[in-house]
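The structures come next, written out as structure tokens.
Next, two complexes with subunit A in common: one pairs it with subunit B, the other with subunit C.
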Partner chain A sequence: MQHLIYNEMMKLIRKKRIWVIALILLILIPIFTYAQYRTTKETMERLGTSDWHALLTQQIVDAQNRLSSNQIPDEWKKYLKLNIEQQQYYLDHDINPTAPGGPTFIRKFVEQAVELFLPLLVVILAADIVSSEHSAGTIKLLLTRPVPRFKILLSKYIALLLGTSFLILMTAVLGYVISGAVFGYEGWTMPVLTGFSQNGNNLVTTHVHLLPQWKYDLMAYGLAWFSCCAIGTISFMVSVLVRSTASSMGIMLAAVISGGLLSQLAPSWEALKYLAFTNLGLTDYLSGHPTLVEGMSLPFSLAVLIIWSLLSLLVAFVVFTRRDILA
Partner chain B sequence: MVKKSLWNTIYFLSVCSFLFLALGCAWGIRDILQPSGSESVKASSKPNETLPVPAGGLLLGLGDSLTRGIGDPGGQGYFGIVKTQLTLREKEPMSSVNLAVSGLTSDELRRQIKQPHIQNLLKNAKWIVMTIGSNDLFQSSGSLKKIDVAAAEKSRLQYQQNLTDILTEIRTCNPKATVYLFDIYNPFGDLPEANLASRLVTAWNNTISQTAVQFDRVIVIPTFDLFAMDPGKYLYSDHFHPNHLGYERMVERLWQVIQDPPKEETTDGQTK
Partner chain C sequence: MAKQNKPVLYVEGLSKTIRRRTIVQDISFEVGEGEIFGFLGPNGAGKTTTIRMLVGLIRPSKGKVKIGGYDLQTDFLKAISHVGCIVENPELYPYLTGRENLELFARMARIDHARIREVVEQVELTERIDDPVKTYSLGMRQRLGIAQALLGKPKLLILDEPTNGLDPAGIRELRAFIRKLARKDGISVFVSSHILHEVQLMCDRVAIIHQGKLVQTGPIGELVGDQSMVEWKIEPADRGLKVLQSLPYVTRWEQPDDGRILVHMPAEKIAETNRSLVDKQILVHEIRTHRPTLEDIFLQMTGGVESAASDL
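Presenting the complex of A and B:
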């Protein structure tokens, strides 16, 4: 079994797909870094001060102004309100939520990337893991070996999980190294607030506590990893079902993107919360970012992701072990 | 061979990161579901006393949508224009914070400036510009069709109290900064009900002046006349907020006063 996993892992690495992902990260992370650098610098220039209290106060006031606009839907208003309350909490406790530094950058990055960017990278990695064997015609070679089919598929799945883990690690490391060159490499022990929860329209702060940033980063990346594994699992199923790599990638990209879009477009449509793709933002529960669709919590999101993953695995294994490989 | 060892390294790293991230995930889930509260957050620590304000001084905007700049297509408003002009005039770099929120009433402003961090900004301000009162007036007096004089009068008294509180608070925080307070104009000057509305606005403006004179260095800048003759030209299409031209007119007024050096300083070549 170990040899099988090792073998599959080698295939994954040798296919250079993982290097394409590394290249994407190498290009995009500097852009994100620059974007953040610019925004910070611009606000600082606009206000003429580098004091974060003033910056955060201005941010709160800006958000309050958006709140008074009639254009935005109620769900967004609630979201903004909770966000303001949270920022106010940071301000009241004299904790800078965005002290510049590599560790802060990767924290902010994963919080933004977990819903769309990371799942897309996982899809790139996972979409062809089975279907490429069809495309390349190597499936027959693979299945003529004296190994049970489910073992072959299982080893592929484990290799995929390992590859996903590597991808997340690579994102964190590259993000840290690249952004650190601009913002500095310190800040691992900086305190970060967590434990916010929402109760209807109110922000509940009874469980708020401080975490050192390294711990927070570890947790955030761990949760992002969980979402990515779930996406990887669903892609895995699609890769079994669809024989061409291009279409399996297309299906997954469409699903991931529309899932994200839908929850932005129709936050009042509650049935959306049963989709796996609207539950990817697990890090939001850590940062206390309010959720747009009502009635979502960490156990709920985990349950939805787990159920989707298990169903996908079931379908993948049943289909793969029963399928005739004639063509 | 080099390739092979690289692959093995990646394989090894993948396994490690798998375990590492799984640990992080479990840890994160536990922390969210059962907040340990090991390091509880201590209640509001005192904000640091001094802001690093540049030598040029801090321009602080307070109040409602007029200070926010609603109606100006460039989003600048009088605050933005005055800020640019001051930046050009001051040799040293200066900073500016605009705390105005559209739709703010005097009651909300009174509460807003009680917050410690906003007081910290107040303390460090060199100029404070503000507009407040329009929302109190035009919300309380009801629809334009039938202006409720009694309700407007009631809210005027409330407004007077709030304004006194606000100015007292500002003076307590910062006895030195000059406060430039715009008064209210009548955006409905060209409508049939203009007379009654104008009378209300004048009453409110009297309140503003009477309240302001009780404080040192609180200067009321009249705007009533600016929009009296030709509201259509200087108002934005919502017929309530000034447009860019209107804001420029307000700036002209403000600029005349803001240029003057503060009273107690002797003239040291600052007069231009």
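Presenting the complex of A and C:
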């Protein structure tokens, strides 16, 4: 089996598709870095450049005053306390909260990229993994060797998962290295607020707590990896079903993009939450970003993605092992 | 010549129906050890569908394929490990080098590097083997495809239209190569073609397929007939003709006006006939054999089937 996976990895790497993706990241990350840099500069200019220490101190004092007031509900108090803790950390470690370092950049980057940008890159990688063998005719050689068909497909799937993992790793590493050159490489231990959840229209803050940023980043990239694997698996099925790479890529791009659009257009349409493509923003559950469609939670989204992935794999394997190779 | 003891490839009642259209219907034949078997038919006759069923790319609707004694349906891995094949064009990964392509397929069947070197030498690609396949000419791709097919030391080589796109020299080379494989290494070769004279020159036996059905199977000589036409240019013509007429195996003759004599006789008897003429002091200027080509026979036969079908 490892021989087959080695073969598939060799094809993946030598086909240069993965390097095209690396190139896309190499071009886009500096652009995002520059965008972040501009925003930071503008904020700093608005607030006054050197006075962020004073500003933070002022904010902490304000928050403490509100804490001592009786009109604030208990769960808010907890949130405020954590906020103060976070701001105190900024002060103690001399971190300007509006000028983030590399670790903060990659956190924000993955939160933005998880719903559309990363899935698109995965689709580029996955859409041709089986269909290219059809369009190049090499499928005829592959399937006339003394190897069962399911093993061929399994080796391709494992290669795809490895490729996807490499893609996520590359995003994190390139993001850190490139943005760090501008914003500095510190900030791994900076506390980040997490644990928000949603109940109807209210933000539930009972489980809110602080996490060191490295832990938060790890979790965010883990969730992004999971989303990407799910998208990769669905693309994999499409790649088995459709013989041309162009159409399998087109189908997946349309699905990913319209999934994102639909949930924004029709947040009241509850059935949308059962689509894989509306559940890709897993990192939203970490940051407490409100979900658009009601009734979605991290376990729910994970379950939806898992079910879609398993069904896709089932279809892919059944079709691939039975199909006549006619052309 | 061909040893017919135990068939390497055994096909019985093979049929394929796709969406209620019968593409291949009840095909049966055998290919013996070391035999070169030609599979002939016009484009669209069902050759490629049949070949794809032989290598497990298409599941037959009916019928049985056995390779080296193993049933392709129930014992796929054992059966297919005896087969090397090129189905249609020799398609390999263009972004890899020739060697990397071979290594890739070698890894799938646990074949070592020594064997790779061996087949590369056998197809004479040693010099270019480390170049990317996309820089190869069609002939070189063809040879790399054959190298790939030979990697697993197959008992049966299946080549689908191997002469497609090759120049005459390339075709000659390929023919010699295939003959050598069959004669020296005892590999059975199943070769399909729609260009009949190319196959006629290398096959021991042929099967002719038309509209999904086998029209005829048999040794090439039988199909061509042992009666061939021999053209003689002799002097003096009238006395020569008398000598020729007196020979027992000469059945028919024609004498066009230009001094040539066309005689229906077995081609093997040419030397004997020549001696008889020379013995009678007749000068022999030229001997030419006119073997009817498979093409003629083929047209005659398939044309017959067609008209028979339209009669129904």
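Quick notes on this one:
One rule holds in what follows: the second predicted complex is superposed on the first by the 275 of 327 C-alpha atoms of A that agree within 3 Å, B and C clash if a C-alpha of one lies under 4 Å from a C-alpha of the other, contacts with A are read in each partner's own complex, and residues count from 1 in each chain.
The rule is short, and it goes like this: a residue touches a chain if its C-beta (ideal position, glycine included) is under 8 Å from a C-beta of that chain, and two chains touch if they have at least 3 such contacts.
As the structure is a computational prediction, the values presented were derived from the model and not from experiment.
For subunit A, the partner that touches more of its residues is B, with subunit B and subunit C as the two candidates. Once the two complexes are overlaid on the shared chain, A:P146 sits against subunit C while remaining clear of subunit B.
Of the two partner chains, subunit C is the only one touched by A:G137; subunit B is not. Look at A:D324: by the touch rule set out above, it reaches subunit C but stays clear of subunit B. Look at A:T57: by the touch rule set out above, it reaches subunit B but stays clear of subunit C. Of the two partner chains, subunit C is the only one that A:H3 touches; subunit B does not reach it.
In the superposition on chain A, A:L211 makes contact with subunit B only, while subunit C stays out of contact range. In the superposition on chain A, A:K11 contacts subunit C only, with no contact to subunit B. Using the contact criterion defined above for the overlaid structures, shared-chain residue A:L298 touches subunit B, although it does not reach subunit C. Touching of subunit A by both subunit B and subunit C, each in its own complex, is seen for residues 6, 10, 14. On subunit A, the positions that touch subunit B within their shared complex are 6, 9-10, 13-14, 18, 46-51, 53-54, 56-58, 61, 64-65, 68-69, 91-94, 161-163, 165-166, 168-169, 191, 193-195, 207-211, 215, 218-223, 225-226, 282, 285-286, 298-299, 302. Residue ranges on subunit C touching subunit A, taken from their complex, read 18, 52, 55-59, 76-78, 80-81, 83, 85, 87-89, 91-96, 100, 104-105, 107-110, 148, 152.
Of all residues in subunit A, those touching subunit C in their complex are 3-4, 6-7, 10-11, 14-16, 136-138, 140-148, 322, 324-326. On the side of subunit B, the complex with subunit A involves touching residues 7, 10-11, 13-15, 17-18, 20-29, 31-33, 35-42, 44-48, 51-54, 56, 58, 68, 93-103, 116-118, 120-121.
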